[in-house]
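Input: structures, listed below.
One chain, subunit A, appears in both complexes that follow, with subunit B as partner in the first and subunit C in the second.
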Partner chain A sequence: MKKYWSVFKISFVQEFVYKANFIMWRVRNVFQIFIVFFLWDSIFADPGRELFGYNRAQILTYVFGIIVVKAFVLSARAVDVAGEIADGRLTNYLLKPIGYFKYWLTRDLSSKALNFAFATVEVGILYFILRPPLFLQVSPIYVFAFLVAVALAILIFFHLLFITGLVPFWYPEAAWGAQFLFVWVFTEFLSGATFPLDILPIAIQKGLYLTPFPYLVFFPIQVYLGKLGAIEIVKGLGIMAAWIVFLRFTTNWLWHKGLRVYRAEGR
Partner chain B sequence: MKKFMYYLRVWGIMSKNSFLMVASQKMVFLIFLIGKLIRFGLFAVFLIFLLKGSQSLAGYTVNQIIFFFLTFNLIDIIAQFLFREVYRFRPQIISGSFDLTLARPTNALFRSLMGGADIIDLVTIPPIIFAMVYVGAALNPSIIHVSLFIILLVNGFLIATAFHIAVLALGIITLEIDHTIMIYRDLVNMGRFPVDIYREPLRGILTYLIPVGLMVTVPAKALMGLASARGVILSFGVVAAAVFLSLKFWKLALRKYTSASS
Partner chain C sequence: MEKAVVISHLIKNFEVVEKKPGLVGSIKSFVSPTKKTIRALREISLSVDEGELVGFIGPNGAGKTTTLKILSGILYPQSGFVQVLGFTPWDRKPAYLKQISLVMGQKNQLWWDLPAIESFNLNKAIYEIKDSKYNQSLGELVKLLEVEKFLEVPVRRLSLGQRMRMELIAALLHKPKMVFLDEPTIGLDLVAQQKVRDFIVDYNRRHQATILLTSHNMEDLVGIAKRIIIIDQGKILFDGELADIVSQHATDKIIKVTFSKNVNIASLENIGKIKSLRLPQVELVVPRATAAVAASEILQNFPVSDLTIEEESIESIIRDVFKTGVIKKTKLKKTV
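Coming up: the complex of A and B.
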């Protein structure tokens, strides 16, 4: 445990080595939020309007929720796993007395801690600039369920990212391509990080709920907004737990399969 | 004319090499192509369902909003197709291999900007043009409006070109390209919707300072017959200023190039 705490601290400090990189990444997040915010602000220009089951305060809270939940769930260092396998750097870790999976999970958590700190400041600044009406969840049960949902979402995303990162075991040149498809296309749209998924027809929503994506951003924010009943929340959290178990097994299986074909190319 | 043909031939050779490189990695080519198509499709689906529910956005109809979205995509994808080399410029500066570009008889800016056309983006251009013609026809534009739209589209593309030149110049001075180009992309992404949806002062900034509005909103509005004479004149003025300033900036950056690491 002590060595992973050291990894956490070193990884946290490392983020400050490339300050410009980190700040630019956060600036980009804010720009992306601007588009979504003003889009919904324009649609809900009439304060009394209700659409897709949201009022103005709820939809703008959803937009602000995206910043917070994304900082927790979607900010991850494990994107580097693919590159390490593709160019053979993985070998260095295999020789060290450290679990590769735990190592990257620790680095991910470290990155999330930093991103969350920045996201909190950004939300404060954006709130001050944009002055939106926000929905404040006062029920401690809902807030607790929201935090549990975020914690489970972190684990789901980590496993999904790690699995995508294992693709170079078989296709080293596809390292970046696989992540582009998974992170920038599927996760961005199907998780609810761009728009609330309940604007889509019920049939499409049902189909999406068969995948883990809606549980990454959409479901936690729905819990916060109090749009789900107790049974739905418990059911959702149960499905998330089931996904984690399934993805854990899949990750282990692929990791061991991958190690058998790993040739440490480039080393 | 002779010089133009010479550069056209050089561009053809460079593009062919770039295409061959991508074609040698069929799997990667396929993943990126599928990814781009899915991303475009998902955003279009989102837009359609959003507008189905809300009926309009900032006073624009569903067809008009889709036309704004398509116009944005066309300019964005053509810029990516032609200027993909900008995304690969940083290693040249860091390693000092930009010296080789400077030593060649072709223009260094031309090579840095257009040295590696992207076939993946090329493949996606025809379907977008087809969709634009289809959606645009439903807006019943006159010949004048279509002509104005095409002229302003060229203007929009020239603004995008000026942005890319500025990013290259900034890259020489600061050694930073990756984030600058992505911030440019984020800003341009704001043009997916008409700038009318943004509040002041953001709307003003997107119209005058970072002229995303002139790049996308004004051309699309021209086709709909909604562009003001002021917007059209401004578009020409901004294009001239943007291209002039970006070229000046490039020349300044070249003087600052230190050829470090070479």
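Coming up: the complex of A and C.
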């Protein structure tokens, strides 16, 4: 689809408009890596130490993995959906022969492409500075499964973001609140983006796996680290696919309900 | 002639949650919100021929914008029949959306941080406009609206007038057959207003496009739209030729007199109603039929240095229509 390719390009151009902002954002990312790295590096200062089933190389890989997976999965442009619905900018899109969902998915992917390009360079440089003992997955099957998991995670997160973005159809004031609570707080803690989830008690872990959150960050990294068997991986990917189907239907349903009550008011 | 727009018994209600003022009020509305139904459109019916340019006029909140939003497929009505170019607007079929455009004076579709040309190129892709058609269309619009110099300037640095013209370009690149313009001249200075108005008339002629234009300002429509629809509180008060409403409602004339000496104002009141008094100038409202008699009476009995007889302004006629809410001898067009 040519029109979405154009959206991809203009979105890319837009990202560069605020150059200072962009640079600060990248600098912040790099500092984050430093902080997390030194924190875990000092905890595992003793080379023989193992905690929660992680040795030094694995935990440091986990930390680097979080950064890469987050850059892909959790960096998303679609946070603007809520605002556009609340203040009536959605009208602009409804008037045009373009799909709003596909439009934002495209913008999201565009933003991720940019993010990925920079994250790769940054991680590369940091790797040579810090020389961490990273765990390199050599099995192509695991690497492939990891990539599939990341792709599915991107779709799950996009749907979650989009669904919470639809809340302002009914509660225009809740645009920010709903997203903050359901997306950022929950994902930050429950996805494994802050700490590996397997340090939690088993019962809590089991409960968590009933939600889509662990699949966003934790699961893909586990796949990469080779901590899961073939059956567990296939099962996990299957559950992810099922979540996407479910979220897709929910999104569609809410979107059409929302359009009926949309007031197109605004500024 | 083909009908471009057909509306029959269209009803649109909005539910609003009332917010009471103050902290206690806020908590009350939070705990038990009181809902209120606003009847934005109460069974309106009208139709518009292809190629017609119709002015929609009414005060704020009359239902003008709501009507345009329903016609352009953004809002769903409660009930009623609506068809535009043979489509049901809120189905929002791509084939329909490619033929229409809605320009809102108070909103913008352009990418704020980027030069307008980027938004135009994006619209080219979205509307799937062919290269040759796009270049021709863009070239024509840019020339007509005189914005060659500003194409590469980020939108946020443009003046309101420049931006509005860019908005028009973005909205018309795909050569829509049906154009909805919502207060396109709002906030513009007089020169810019005139430019936009001239352009609208020109576009209508050049492309035989059907245009529905709203305004709360009568002056906006004079010389543009032959037919006007007056709407207030969700009801159509008048639908017909602008000239008709003037002849129906302009029952009075205004005599402007400048006196050379002080005069007895009380005796003037026997001749007509005093509209404004800024001595030595006085404005009198007199019935149309007796205007000439009244004027000669003033000339004979008062020390006059200047006297003119004028028509009531269209603005005040319309105001009169809104105030009374009735149209004298109205022939509301029945549709369908």
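In the analysis below, the second predicted complex is superposed on the first by the 264 of 267 C-alpha atoms of A that agree within 3 Å, B and C clash if a C-alpha of one lies under 4 Å from a C-alpha of the other, contacts with A are read in each partner's own complex, and residues count from 1 in each chain.
Going forward, a residue touches a chain if its C-beta (ideal position, glycine included) is under 8 Å from a C-beta of that chain, and two chains touch if they have at least 3 such contacts.
As the structure is a prediction and not an experimental result, all values here were calculated from the model.
In the superposition on chain A, contact of A:A264 is made with subunit C only, not with subunit B. Of the two partner chains, subunit B is the only one that A:V185 touches; subunit C does not reach it.
Of the two partner chains, subunit C is the only one touched by A:L95; subunit B is not.
Comparing subunit B with subunit C, the partner in contact with more residues of subunit A is B.
Residue contacts after overlaying the shared chain place A:A230 against neither subunit B nor subunit C. Using the contact criterion defined above for the overlaid structures, shared-chain residue A:A242 touches neither subunit B nor subunit C, since it reaches no partner. Judged by the touch definition given at the top, the superposed model places A:V17 against subunit C, while subunit B stays out of reach.
Contacts of A:V7 after superposition: subunit C is touched, whereas subunit B is not reached. Listed in rising order, the residues of subunit A touching subunit C in the complex are 2-3, 5-7, 10, 13-14, 17-18, 88-89, 91-92, 94-98, 259-260, 262-264, 266-267. Those residues of subunit C that touch subunit A in the complex are listed here as 14, 69, 72-76, 92, 94, 97-98, 100-102, 104, 106-107, 109, 111, 113-114, 118-119, 121-128, 154.
Within the complex formed with subunit B, the subunit A residues making contact are 20-21, 24-25, 27-28, 31-32, 34-35, 38-39, 41-43, 51-52, 171, 173-174, 176-178, 180-181, 184-186, 188-190, 194-195, 199-201.
In the complex of the two chains, the subunit B residues touching subunit A come out as 25, 27-28, 31-32, 34-35, 38-39, 42-43, 45-46, 49-50, 53-54, 57-58, 176, 179, 182-183, 186-187, 189-190, 192-193, 197-199, 202.
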